Each structure stands twice: as structure tokens, then as C-alpha cells.
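Let me begin by presenting the structure, written as C-alpha cells, before commenting on it.
Chain naming follows the written order as A, B, C and D, and within any one chain the residues start at number 1.
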Amino acid sequence: MIVSTCKFRIRYAETDQMGYCYYGNYPAFLEIGRVEALREVGIRYRELEESGVMLPVSSLEIKYKIPLRYDEEITVETEISELPEGSRMPFSFKIYNENGDIATTAIVVLVFASTKTGKPQLISDELLNILKPYF
Amino acid sequence: MIVSTCKFRIRYAETDQMGYCYYGNYPAFLEIGRVEALREVGIRYRELEESGVMLPVSSLEIKYKIPLRYDEEITVETEISELPEGSRMPFSFKIYNENGDIATTAIVVLVFASTKTGKPQLISDELLNILKPYF
Amino acid sequence: MIVSTCKFRIRYAETDQMGYCYYGNYPAFLEIGRVEALREVGIRYRELEESGVMLPVSSLEIKYKIPLRYDEEITVETEISELPEGSRMPFSFKIYNENGDIATTAIVVLVFASTKTGKPQLISDELLNILKPYF
Amino acid sequence: MIVSTCKFRIRYAETDQMGYCYYGNYPAFLEIGRVEALREVGIRYRELEESGVMLPVSSLEIKYKIPLRYDEEITVETEISELPEGSRMPFSFKIYNENGDIATTAIVVLVFASTKTGKPQLISDELLNILKPYF
């Protein structure tokens, strides 16, 4: 299992006129979480893409439990709970607010695809070998 | 049942370096869809909020089937399939690409809440009366 | 001279907790304005880029005079006041609010560049010939 | 004079299909820079707003010299070079890319305003007293 956390503040740009963090900004937070989780195990998404593999999103589920507010320092906890199989790679997330409460939970499924054709492809052995020791 | 459609183009701002519309921009598209659906039945979200009622998002589910691309004119179809009960209001969505294919499906659940306290509250009789004839 | 207008509403996603349209969303509005101005004279930016020419932004100036608000229908007026020379293409903008007041003025300078090398290049004769009749 | 720096990475959400950081995301970077500059001298923008004072943007100028790219760690250097007078507060910025080159320069002028009326007002003596020792 891979579990990784990162922290950052809600930007003013991300608020809406309710005074909350706009619900459409959370996918970008989840993206930061998974990029940092991959970085921790030695996979840099930028290099992955340069090598011809991209990871578009196939599905997204978010439960908004407690609103996040401007300037709050949030903690995104990203979990890869199973070794990816085939072309799918699921991630699950918890976002903690400044008080340490679970403000949000989310699941994102990525798909390995070719940057040239856009078509799904199997996860490479190279990546599998990097990930295996964690499972 | 309320079904409403609106059309707009993917902005350059909404693309990412895969050359696709970034997955985090879809929630804003869904928001446009539901605001227009409400406008069609005579409810202006801006006025609702001015009157003290807001509709934060409780949950979001998106399935990304076909990528959307820059300058593509998309059609967002918003459906309210059941009369809201209690404090919840679910919407379902289909996004059609320029070829008329279903590129995305989504479900969003909103919650009626007070702009003053932030707490959930029951849908008002006034709103129910506007919505009832459609169901 | 080319003058083009387009209209659209401020999205909820674009508000901030002041209750205004966030200042960082205006560049996307200006981008819509100039893409529509080019479309009106028969130039589709998407095709330009597919043909190997891109137009990154070199400089941006915005004066925020009157705040824009949620759901307001704004009018972006885009003006190309001189035939582009060399590799630079300046645009000027006025954004009108729902009352018809000038809420914002802006100037954006684009640069013709190669999508392959990223390097600036001269405007092509083909584009110049399309633009010339307007000046 | 107040000079403050902060570092963060360009998000995937912030790229566009040119493969660059989209020009409309820079205002949010500048906002982070000035919020951190104020935090360093003991002013928390969130509290300022809670106390009834907000700082909407009056004007913005950006020069884009070198494109920023995905996952690049940028350094935003924010400078307040003169003690604010009246209701205006100008900030100037340099954004350094990962190589240490100046990728962007910018100037933003904020205006002190009342959160209740939206009208400009003079900078308070309390804020002036916090800022004075730096000039």
C-alpha cells in the first residue's frame, strides 16, 4: 500500500461567493495528491508523459462533508491500496481541514494511455516493478 | 421531470497539456447546466442566494468517456428526475460532444442550506410549488 | 480595424468570497474575445495551431473599474486596431457590464510562434492577406 | 521595503495545450505572493477581511518572458517598495523559473475598500503602523 500526504493552503482564487472553496477546485487538489504520491515512490509524472505514457482520468467521485475555507491549510492524504492491473489505476483520497477533521473523501480512477494515440494501454513492466514492493 | 440543455465552447483556458479539457473543469460545466435548468423553470439561483438560500454541493460523480477538446461546442443536458425531498436536490447530466456522442455522464447532489448559518434546511414550499408541476 | 463583440454570463466558479468575479478570471474572458474576433474574419485559432502556428501571450494589462458579479451577462468588445507587423499582434478590450458601463479595459499582446520550436516567427502572408482588407 | 519569496510547483490543472502554464493562472500566483508577503510582516489577509477591510485589484500588468511548464518549481518574489498612501497599495513581482531565470515580471495595484459598502477607503493607522518600520 502507498500512502502519501501533502499540505497546502486554499487560495483566494479558489473561493466562491458562498465563502467556501468552490467544489470544482477539488479535482486539482486530488491531482496534486496523486502526483506527490507517485513522486515519493520515484515516479515523476512529468517524465512519464515525456516517455509517451499519460494518465487521463476515467472516473471521479467526491463527497463534500465539511466546506474548506480561504487560507486554510489542508492535508491531502492519497492512498494507492492495490497494485494496478491492466490499464486502470485507482486512487483514494481524504482531505483533512485545519482542525484535522475529514472534510472530503474521493476516489479517482486513472487509465494508462499512449500520448501518441490517446488509446488505453497496459501498465508497463517498468512501472509495475517500481510499485510492486509496496504491495 | 425537468430536462434542459445548454451549449457552449471549451475555452483554451480549460485545456491541459494532454490537449484535452482538464478533468477539473467539468464541475463548472455541470454548474452552468443546473443554473440554466433552474432558470428555465423560473428560478434564478442568484436571487435564491440573495433571499438567504444557498445550494452547496454534497456529492459529485463523473464518468469521463470521451475527451473534450479545445473549441468544441458541447451540449450539457441537465435532468432533474424527481421532485426534491427534504434538503437534498439531485441532478443528473449528460455532456454531448460536437459529434453528438455522450462524452461524459455525471450526478451532482446539492443541499439546501442557509446563507447565514451554513446549515442544511428543508426545501421551501415556495420552491416546491414552482417545481411540482414538472413531476 | 476589426471590432467584435461576444456575450456570456459570469459563472459561479468565477466568483470569489468578496462576491465579485475573481480578477484572475478576466484573462480567460479576453481569450474568448480574441478567439471570436478572429473567427469572425475567418481565422479559427484551433486550425492555426493545428497548422503549426501558436499565439502565446507576451504582455497583459487590465484596469478593473467596476466589479463584475455572478450571473451578470457581460459583453466583451475586442478590437484589433492595426494590422500586425513582424511577430506581434496587439488586441485591446472593453468589458461592459449588464448596465452597459465599461467595467474593464485591457490590452493583450500576442506573439506568433512555432508550435514545434516555441520560437517567435513572422506573421504569415496567408494571415496578412486575410487581415489586410480590414485596415 | 518589504521583499518576500515563496515557492510552489506549476499544477497540471494550470497547463494548456501549448504545454505551457496558461497565462490566466499567473494572477493567482501573484495573489499567493502578496498574501505571503503580508503574512511575513504579521498581516493575515483573512483576518483583514474578517475585520471589514478588503483589497480588490485595481490594475494588473504582466510581462511573460519565458513560459513556465508543468511541475516546474517557481519562486515568486513580491516587493512592496513604498509605504501605501491613501487607499492604494502597489506590489511588484518577479517570477523565477527552476533555472533561476526571471520568467515573468508583474505589477498589481490593490485598493483598500470596505467589505460592507465596497467603497474605497484610506489605509488604517493600524496597518500603517505595522508597515512603517519596513520603509
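Rule of thumb we're sticking to: contacts are C-beta pairs under 8 Å (C-beta built on N, C-alpha and C of every residue); 3 or more make two chains touch, one makes a residue touch a chain.
Predicted, not measured: the structure shown is a model, and the values here were computed from it.
Participant: Does A-D or A-B have more contacting C-beta pairs?
Facilitator: A-B
Participant: Farthest from subunit B by Cα centre, which chain is it? Let me know.
Facilitator: It is D whose centre lies farthest from that of subunit B.
Participant: Could you state the distance in Å from the CA-based centre of subunit A to that of subunit D?
Facilitator: The separation of the two C-alpha centroids amounts to 28 Å.
Participant: Which integer distance in Å separates the CA centroid of subunit A from that of subunit B?
Facilitator: That gives a centre separation of 24 Å.
Participant: Multi-chain contacts only, two chains or more: what residues does subunit A have there?
Facilitator: 12-13, 17-18, 24, 27-28, 31, 70
Participant: Quick check on the complex: what are the subunit A residues that touch subunit C?
Facilitator: So the residues of subunit A in touch with subunit C come to 12-13, 15-19, 22, 24, 70.
Participant: Per the contact definition, I'd like the list of subunit C residues that touch subunit D in the complex.
Facilitator: Where subunit C meets subunit D, its residues are 17-18, 20, 23-28, 31, 49, 54, 56-64, 67, 115, 118.
Participant: Going by the contact rule set out above, which residues of subunit A touch subunit D in the complex?
Facilitator: Spelled out, the residues of subunit A in touch with subunit D are 8, 11-13, 27-28, 31-32, 35, 44-46, 70-71.
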